[in-house]
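Below are two complexes that have subunit A in common, paired first with subunit B and then with subunit C.
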Partner chain A sequence: MRKLLLAVMLTGLTSTAAAQTKIEVLARTCNTCHGTGGVSAGTSMPSIGGLPREYLKRVMKQWKYDERSSITMGRIVKGFSDDEIDALAAYFASREWTPTPQKAAADALAAGEEAVRRVCTDCHGMKGGDPDIDAPPLDGQWGKYMAIEVEKYLSPEFKMPHRRMGKAVTEVKATEAEAAVRYFGAQGR
Partner chain B sequence: MHSILRRDLLKVVSAAAGVAILRVPQARAAGAKARVVVVGGGFAGASCARYLRLLDPGIDVTLIERERRYTSCPLSNEVVSGERAIATLQTGYGGLSERGVRVVFDEAARIDPVAKTVATAGGKSFGYDFLVVSPGVDFDYGAVKGLTAELAETRLPHAWKAGPQTLLLRKQLDAMPDGGRFIISVPKGPFRCPPGPYERAAQVAMHCLHHGKKKAKVLILDSNDSFSKKPLFEEAYKALYGYGPGGMIEWVPASSDGKVEEVDAKSMTCLTTFENFTGDVLNIIPPHRAGKIARDLGLATVNGAWCPVRPENMESTVHKDIHVIGDACVGGDVAGGNAFPKSAHMANSQAKVVAASLVAKVNGQPAPDPIYTNSCYSVVGHEWGFSVVHLFRVDSGQWVYVKQGSGISPVSFGTKDAPKPVPRIYRKMEAEYADGWLRNLMADAFG
Partner chain C sequence: MGLNARAFLAAMMLAALLPAGAAVAAADHGTDGGAPVAIPAPPLLENERCLRCHADQDEKFVVRPDGSLHNTFIDTARLDHSVHAKVPCVGCHTDVTKLPHAKPLARSIGCVDCHEKQFEAASKAAGAKLERLDVVLRQTEDYLHSVHAKPSAMDHSRVNAACHDCHDAHDIGKPGTTQRAEHRLKNPEVCGACHEKQKKDYLASAHGKALVEKKDTKTAVCSDCHSLHAIGPTKTDPVRMTITQNCGSCHKEAEKTYLASYHGQVHRLGFAHTAKCFDCHGGHGIQGEDDPTSLIHANNRLKTCETCHKDAGPGFATFQAHGDPDNFEKYPGLAVAKIFMQALIIGVMAFFWGHVLLWLYRELMDRRKGIGHFENLDQPETIYFRRYSATWRWIHTLFAVATMVLAMTGTTLLFAHTDWAKAVVSFIGGPRVEAIIHRTAAITWVAIFLVHLVLAGGNIWRHRKSFRWFGSTSLLPTWKDLRDVRDMFRWFFGLGPRPEFDRWTYWQKFDYWAPFWGATVIGLSGVVLFKPEMTAHLLPGWVFNIATLVHAEEALLATVFLNTVHFFNVHFRPSRFPMSTTIFTGAIPLEEFKHDHRIEYERLKASGELDRYLVKRISRRADMLSSFLASVLIVAGLTLLTLVLVGRATMH
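This part shows the complex of A and B:
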């Protein structure tokens, strides 16, 4: 009886250990583009370590089921099962968000701050670090990456399903939106 | 509380001692769980050494590399065209040393798989429990009559290993007059970076267009009948530079006598079976094979050129406890026409598989199921890029190419009957992502 129990406990243990390793193996493949541990070293690629779990799940599934346009990610996530996507989301969400504060010109920062105060702070917080439940942190996310995302929201060639965010970027001038993301990119913790 | 204190203490100590504290090899080697030696510190070897230390600092890792500085081949075609400074593609090995990798700058000269040692040209010897062989490729100059290693360093640079030859080729392009002809000779596959020669053709054409050489020609003489991302390249060639007879870029496939058999450096002529092509710049890319150290050990049993490995962990099928990764190996769904591309991302991915497998083995854990991925960005003009991604899994001991997780950037929007061109903004963004991709790849391998 005791032996049996032990065996059950052991197999239980090894299978969770195996499952754990597996998602780490899959998650490691993301590092090539998103940086080790999902902390990006390239200005046009987003950091993904520490993004909220529900957000990660949602965007990856939207790409997988063609509900959201992308340049690269749509092709990648189509190779994963929904369970793998959920596990990836849990994995990257469990990491700490690591802002990479970037330098920006003082006048751009001022213009950005003004636009953020007027429109973006509602959902992202003044520094981008206090997001609504369905929004990602923007503090210390790469400004270049965010500027590209804003371009996607503004272009009719992209399907970006979050209507309220889509509407928000039209409430400022394109140059102000660009300044706003540079302002977010300049924030540290 | 305890661990926080410990960490703070360590920080203080290591700050006081600089990074040197991480570098006491003898002390560490004594208590090490296993010794791994990595031969060749390119994208494959550097990534493997780094991930071994990241996943288990109890493993003693030695990296033997002949050069002190590494130059990334990815995006080096932008150096040829003058769009990028070569320094943005270079790195040293300090990042790896800081992670506790013992970096030895020397040439690995001999491997003894029985005694499990690696001897260097500098007269040192390193014992190992596991060996990772990642020497990249050597060039088979003898395959093209009239070509020599010396010519490649002087008049006919291939620049297929980024470094001095990249700068030499750049200089030659700069000096090329308007109306000049730049010939790229592509070897029979497999060669490193399948889209590379075609990206280079575009970069050269871009240089000419923007430097008052509108009458220049780029001629691709190919030993193959098709190429990677062909519809994407051809779309860009047509839109940006003109393609085919009369255009700036022309491609001659093997079936139209495109294979260069011989080259004459004096008259700057390439000879195919039936024709002679003279050029102002001859960029002859020789066929490749696995680096010498791998061939010397008898690991390269596929056509005497490439090293076969096991799907589960990249272990050589020839020698136990020796793993071959990067351009030197052959893997993937070869029979199905989907061999692993020889790319930097692929090398980085294979390296992680080996690191995970060795860490599991050393710690008596079950080996994790491997996953292999690839991506490769090509930049063909200002604000014009595209990419390919690959996904491979292992099932029943075999590599499986996962089509749903692989593919090139879209060639067309709309339907088959009513195709629509892909909006330019997609190409523009992809060129922007290429730079971020390279920075992360470099950091993930050498950081």
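This part shows the complex of A and C:
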């Protein structure tokens, strides 16, 4: 009897340890592209460590269920169960956001600041570091990635479900969007 | 840093330092009746920035953390026409200091604080028109003392209902606008959001149907009865009183007749434990009289009365709760009763007030000429005539006190609109105590009356062999009385001598017989009203209406008659002024007796019986005591008269 109890307890302990291990293992798939701990090495690949949990969950599920267009992510997340997606979202959300400030020319920054103030700041915060509850931080995010995202939102072929973001990208000129992306990319904490 | 950027930074810092509330207080609210105060300070966040999300037609709702949908949409067309059109979003939503803002927002919008500041600022401005601001401030005050401003029982961190729970602050119309009218129609929905049962009952009621089906904007909505901001628990007296008054603001005729009824009189005295409108008609589920579910429908009426009058007889169902003696068409019996009683009052008072004035004139004229009865100071009177036995003196005193108590307590109801009536009833402990006092005095009064009948009957029986019904000592009216009236008027006009009287003058006989009529009218109507439940088993309901009317009118007649005519005849005529204490001491100075009752004096003197009635002068203490008693009763009577006259003059 005692042995049985011990076995049950040990099983419990090992399964907890296994769960801990499993998320690290699962995250390895992500780390391959998004960097260790979700801090990307650049430039078209976004950092994901420290993004809001709800945001991560939402976009991954949108890819999984074909509500959001993608080149790569849609194929990858289909391999994860919803629970695994939730676990991954929680894991990356628990990491600290690590901005990667990128250099930019002063005039580009000034133009970017102007565009951000006009269109972006109400959801992402003035420097991208104080976002709304359902928006990602953009301070020190990779500029190239952000430019591609803007392009996706502008492209009619791409299914991008965030209605307000879709509206916002139409409110800036291409040059302004580019400047805004540079401005956000240049921010650090 | 460029100049522009520096200026921008400075502006931002300044804006951050300024409390947003103050910015609003300084804003121009000329549209609300207040004077323009100052140039509006630029808001911390422009409205356009808020409206980018909140005026988004395609995304009106957000999902709250608890999964519920919350409407965050602002209709700018309506906002632009609201009284707050010029107030920036962050003027009220002071917790929004940056975008994106925290979600959900704190619910503490400082309406009260802002309106107070606005009032203060506007009061200082020259030529300020504060009429509307004053209304807002008064209603704010009412709200702060209302049950809505108290902490919620379920969540003490919140009040029962905050301003924005009832007012859609983004859509408050100016007085007289369509927005206002629409808000009024929405009233049951707004209140019904919390008060669900009441809303359901209301929507099925006559008021609710008129509102929903007929779009009748004049029908009563919640706030018409419950008031706008001074909302309180409906079990409390002030709220019950207010609701009743509010019913009357539309149903004016019903209010008038209600206030004239016993229920209404108690209500006017400031007491709520009497039938209010909604006790009989129902509250939220009120229906018209013809509706079979109505509490006042013929089939349900008795049951409704039984909620208060436990053993209500069938007569209750036919009581005309809103009977109006001025409406002959509808209430002919009541109208005739009123006309009769008023004719009686006017007739009696016209005759006797004329009698009083003429008597006063004649006696003053005679006294100037030295005619009449004068006190001889050189030979103070030592011989008195014993006119009343102790029994009759006691009967008179008790009767007088009982009558005054009855009049005092009764007229508080009749003149319930006066401050004195409210003060008197409050002083004695409310209408319940008053009813007990009135009924006790009534029983005393009737008992004295009956005892007197027994004594008088016994007296006649003992002297049955020698008693002459129309003899010189009888109180029955004789032809001589009629002649005396004629001669008295002749004397008034200087056409003849003052007539000589036997034991009882005609005005004394009138004073004696008047209570017989009064006892019949007041007594019978009083009995009817004394035990309404019992009466209603024997008599139809309209008897209550007639009884209430004649009881009051007769009481009024008696009170005014006794305290003017009787007081003059006995106390205030110049030869008696300031008072006669005969009824208290039983003894009248012989000389005065000779003057007023010469026939009896002569008769007794001739028969040799006079000595039997002569007494010595009463003791000084007895004299003072009787003077004191007479003074108290006279002052009480005159006070009562004043109060009654004030009540009658201010009645409407």
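Throughout what follows, the second predicted complex is superposed on the first by the 177 of 189 C-alpha atoms of A that agree within 3 Å, B and C clash if a C-alpha of one lies under 4 Å from a C-alpha of the other, contacts with A are read in each partner's own complex, and residues count from 1 in each chain.
The criterion applied here is as follows: a contact is a pair of C-beta atoms (placed from the backbone, for glycine too) under 8 Å apart; a residue touches a chain by one contact, two chains touch by 3 or more.
What you are looking at is a predicted structure, and each value in this text was computed from that prediction instead of being measured.
Trainee: Sharing subunit A, do subunit B and subunit C clash or fit in the superposition?
Mentor: Once subunit A is superposed (C-alpha atoms), there is room for both subunit B and subunit C without a clash.
Trainee: Which partner does A:Ala135 reach: the first (subunit B), the second (subunit C), both, or neither?
Mentor: Touch partner of A:Ala135: subunit C, not subunit B.
Trainee: Please work out whether A:Tyr145 is in contact with subunit B alone, subunit C alone, both, or neither, and reply first, second, both or neither.
Mentor: first
Trainee: Tell me the contact category for A:Gly125 with respect to subunit B and subunit C: first, second, both or neither.
Mentor: second
Trainee: Can A:Arg163 be said to touch subunit B (first), subunit C (second), both, or neither?
Mentor: Second partner only.
Trainee: Here's one for you: vertex at subunit A, rays to subunit B and subunit C, all C-alpha centres; what's the angle to the nearest 10 degrees?
Mentor: 170
Trainee: Could you look at A:Ile76 and tell me whether it touches subunit B, subunit C, both or neither (first, second, both, neither)?
Mentor: first
Trainee: Output check: A:Lys173 vs subunit B and subunit C. Expected answer is one of first, second, both, neither. What do you get?
Mentor: neither
Trainee: Going by the contact rule stated at the top, is it subunit B or subunit C that touches a larger number of residues on subunit A?
Mentor: On the superposition, B touches more of the residues of subunit A.
Trainee: Working from the superposed arrangement, determine the closest approach of subunit B to subunit C, counting only CA atoms, in whole Å.
Mentor: Superposed on chain A, the two chains' closest C-alpha atoms are separated by 29 Å.
Trainee: Once the two structures are fitted together, what part of subunit A is touched by subunit B and by subunit C alike?
Mentor: none
Trainee: Mind pulling up the subunit A residues that touch subunit B in the complex?
Mentor: Answer in residue numbers: 14, 17-18, 21-22, 24-26, 28-29, 31-36, 40-45, 71-72, 75-80, 142, 144-145, 148, 151-152, 155, 157.
Trainee: Which part of subunit C faces subunit A closely enough to touch in the complex?
Mentor: Going through subunit C, the ones touching subunit A are 49, 52-53, 56, 58-59, 98-100, 103.
Trainee: Inside the complex, what are the residues of subunit B that reach subunit A?
Mentor: Answer in residue numbers: 51, 54, 345, 348-349, 352-353, 356, 360, 365-366, 368-371, 373, 375, 387, 389, 391, 402, 404-407, 409, 423, 425-426, 429-430, 432-433, 435-444, 447.
Trainee: Over in the complex, which subunit A residues touch subunit C? Could you list them?
Mentor: 121-125, 130-133, 135, 163-164
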